[in-house]
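Okay, so here's the structure we're looking at.
First chain written, first letter: the chains are A, B and C, and each begins at residue 1.
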Amino acid sequence: MRRALAMEFRKIRRRNVWMIVAALILVQLLWCLWGIRSMDDHDLTQGWMYFLYQFPLLNSIMMPVIAAVVASRLSDIEHKGQTLKLLNTVMPAGRLFSAKFICGALYMLAAVLLQIIVMVAVGCLVGFAGSPPFDKFFCYFLSTTAVNLTVLILQQVLSLLFRNQMIALTTGIIGSFAGLFILYFPKNLARYLLWGYYGVLMFVGMDWDRATRITDFYYVPIDRTGVITLALVFAAIFVIGRTLFVRKEI
Amino acid sequence: MSDIITTTGLCKQYGKVLRVKDLDLKVPEGIVYGFLGPNGAGKTTTMKMILGLARPTAGTIAVFGKPVGSRNRLAILRDVGSLIESPSYYGHLTGTENLRIFCALKGVPDADIGRVLKIVRLENQKEKKVSHYSMGMKQRLGLACALLGSPRLLILDEPTNGLDPAGMQEMRELIRSLPQQYGMTVMVSSHLLGEIDQIAENVGIIRRGELVFQGGLSALHEKSRTNIAIRTQNNEAAAKTLAEQGVACQPEENYLLLPRLSDNELAGHIARLFEGNIGVVRIEERRKSLEDIFLELTGTAVSL
Amino acid sequence: MFLRTLRAERMKLLHSPVWLAFLILPVLPAFMGTFNYLQNIGILQDQWYSLWTQHTIFNCYFFLPATIGVYCSYLCRLEHANHNWNAVMTAPVPVLYVYLSKLLAAAVMVCLTQAWTGVLFIISGKLSGLTAPVPPELLYGAIGGVVICAVQLCISFVIRSFAVPVGIALIGGISGLAAFARGYGVWFPYSLLTMGMRANNPGGAMPCSTEEFILSSVLYLAVCIVFAIVWLKNRDVAAG
């Protein structure tokens, strides 16, 4: 498996997948940072919670697209070069599938890590109250990554099974859109949509008092059923997708 | 007969390397012109430049007497059909739909589709999606697209690529018939010498971007020397006898190669051999094949 | 001759699932926007216009540019594959028409989407019991959308991958948001769509004059057309 994974990285060597991921993350970060320009003292005390509230919302727009782009890039090279036939004689199709997933997953992990690093750095610079709550960041890392990987595996299945990348990318965009919108709905509804889990797994709530126009954040316990459901969905997509890919006649 | 394509001093540089150097092509009208060369010699690059797909680094090209450039681009392309690199197609569409698209682009009525399909013998597959075609079928579709509208000039880049022997034969017959039947000039590139030998009238041989021969195929055959090869029951003795007569011979396997001799001279030498009790068992005329000539000219093995 | 090129372009799109995104995409904001409106009917007092914001705001900034990116990528993918550039560039068609026919194909889709959005808007409005007339911002929005098509098409001509221009479209959309917030909206192509749709201030005037809007749109269109022609003419056709 290690060799298969190394092969994946060699395949995308000059394609600069990291570039588009970095660009998208950068834009997301700029966007969020722009929001903290005008923060007063009250806001600064809740700075960390503000980040942990805002980023999942932004993620709901950007991460599905990043996942779609990464999965598409990884799978496109096989379709374009018609190498699936060749690879089938070198390694079992299932291993190729898993290797591609791990390769893509590493990109997603790097993206989230980058987010956290910038969050901590900026928060300290701007002067958020208190030291960075690393345990909360760890939760953020886990929950975001969980949803990212599930979206990634779905995108990969679509990108590998359909030669026309349009289908995969369109699904990614529609899903992202739906995920964003469903955040405005009661939480229970969001459970039924994969892309809504960015919101379901959020653990910071917001109180916006209309009269005083003051926002207050508070921590909410992580939604355990949400996590379990997500894990099941991930497993299902992985297994079904892998089987379909292996069975597919090239 | 005027020249339908002329190039003067054509050069094309990619990076630091000159892929095409000082090419002076002359393709006469109304014949099949074979463009020969080993792989990577610059055939496709030259053809691309003729079609205006690539810009020459230096030199000029004239097609139909007009210089190739943006001003004459449309006027030239209207009368040119081409198949470059590999056949172009839209995989998710059927053969007929593909041809309809090219008809629309070329301004040719749809009725022409039936005609070209019949010429390339693709009528039975015209409703199949092109992504399900075999390689030979794709090649034939590419040729059909090029033939749409009966252009004056046809530029084909390795048209028999991927065809089985029957298909290659068909393609050869077809290409050979085009000048007579439709008055088309055909420029065919290939590295298959035997093929060009059968269909072309004029030939241009390119090697590492330079033209090493251009002219009629007959002239090329003239270049080949004929040898007489004899086999005797005692080659060494025969060689000595002939050497005494001043005939230099080369031993080759169990034959002796003699230089070009007139019939009388040869008869005389053979007689002397018999006198010396050396039985002559084989007398053959060896002609250099086009491949040998080609190897001589290009100095390379014609292989991948 | 241009009509012939358009016909060829239309034929290339047969059997393609292109309309899928454009059909489904407006349904989502229509559905959810209406739902949200009905939930918050206390806050959102402005009837049609409030409904409008709910429908369009995210659509314009992110999802429509991304979908346009997908569509333009697909239009160009047809040519990037199978050495098709060789065939396209040896057809007796002026280079301008090659670009314009694709632009028109994309523009038609955008306009159809806008029309579909309008229809959905009316339906959902009627279902929610609104009575005011339909806003005409859709037209300006269509113009903004066509400008994005032009830019994305140029990007897809140059970048041969499918996914990267979509990523760029999303970045463009977000940058459009930033540009709009800073007040430079009218000079940035991706924000023209939002400004035209007046997503932030429906019913009110655009945050710029109509002349500026039209001027900027025409300018960007012209730049893109010139770029496309220069690119196609001067680049050696590398079809591989």
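As a convention for this text, contacts are C-beta pairs under 8 Å (C-beta built on N, C-alpha and C of every residue); 3 or more make two chains touch, one makes a residue touch a chain.
Everything numeric here is computed off the predicted structure, so don't read it as measured data.
Enquirer: Once the contact rule is applied, which chains count as partners of both subunit B and subunit C?
Expert: Joint contacts: the list comes back empty.
Enquirer: For subunit B, which other chain has the most distant CA centre?
Expert: Computed centres place A farthest from subunit B.
Enquirer: Most central chain by CA mean?
Expert: C
Enquirer: Counting only Cα atoms for the centres, state how far subunit B is from subunit C in Å.
Expert: So the centre of subunit B lies 50 Å away from the centre of subunit C.
Enquirer: Compute the distance, rounded to whole Å, between the mean C-alpha positions of subunit A and subunit C.
Expert: The answer is 26 Å.
Enquirer: Nearest whole angstrom, what separates the Cα centre of subunit A from the Cα centre of subunit B?
Expert: 57
Enquirer: Mind pulling the subunit B residues that touch 2 or more other chains?
Expert: Residues 92.
Enquirer: Two or more other chains in contact with one residue: find those residues in subunit C.
Expert: Touching at least two other chains: 16, 81.
Enquirer: For subunit A, jot down the residues that touch at least 2 other chains.
Expert: Expected reply: 164.
Enquirer: Mind listing the subunit C positions that touch subunit A in their complex?
Expert: 16-18, 20-21, 24-25, 28-29, 32-33, 35-36, 58-59, 62-63, 66-67, 70, 73-74, 77, 81, 161-164, 166-168, 170-171, 174-175, 177-178, 181
Enquirer: Hey, which residues of subunit C end up touching subunit B in the complex?
Expert: My answer: residues 1, 4-5, 7-8, 11-12, 14-16, 78, 81-84, 86-94, 233-234, 236-237, 239-240.
Enquirer: Help me check something: in the complex, which residues belonging to subunit A touch subunit C?
Expert: 15, 20, 23-24, 27-28, 30-31, 34, 61-62, 65-66, 68-69, 72-73, 76, 80, 164-167, 169-170, 173-174, 176-178, 180-182, 184-185
Enquirer: Could you pull out which subunit B residues touch subunit C in their complex?
Expert: 48, 51-55, 70, 74, 77-78, 80, 82, 84-93, 97, 100-102, 104-107, 145
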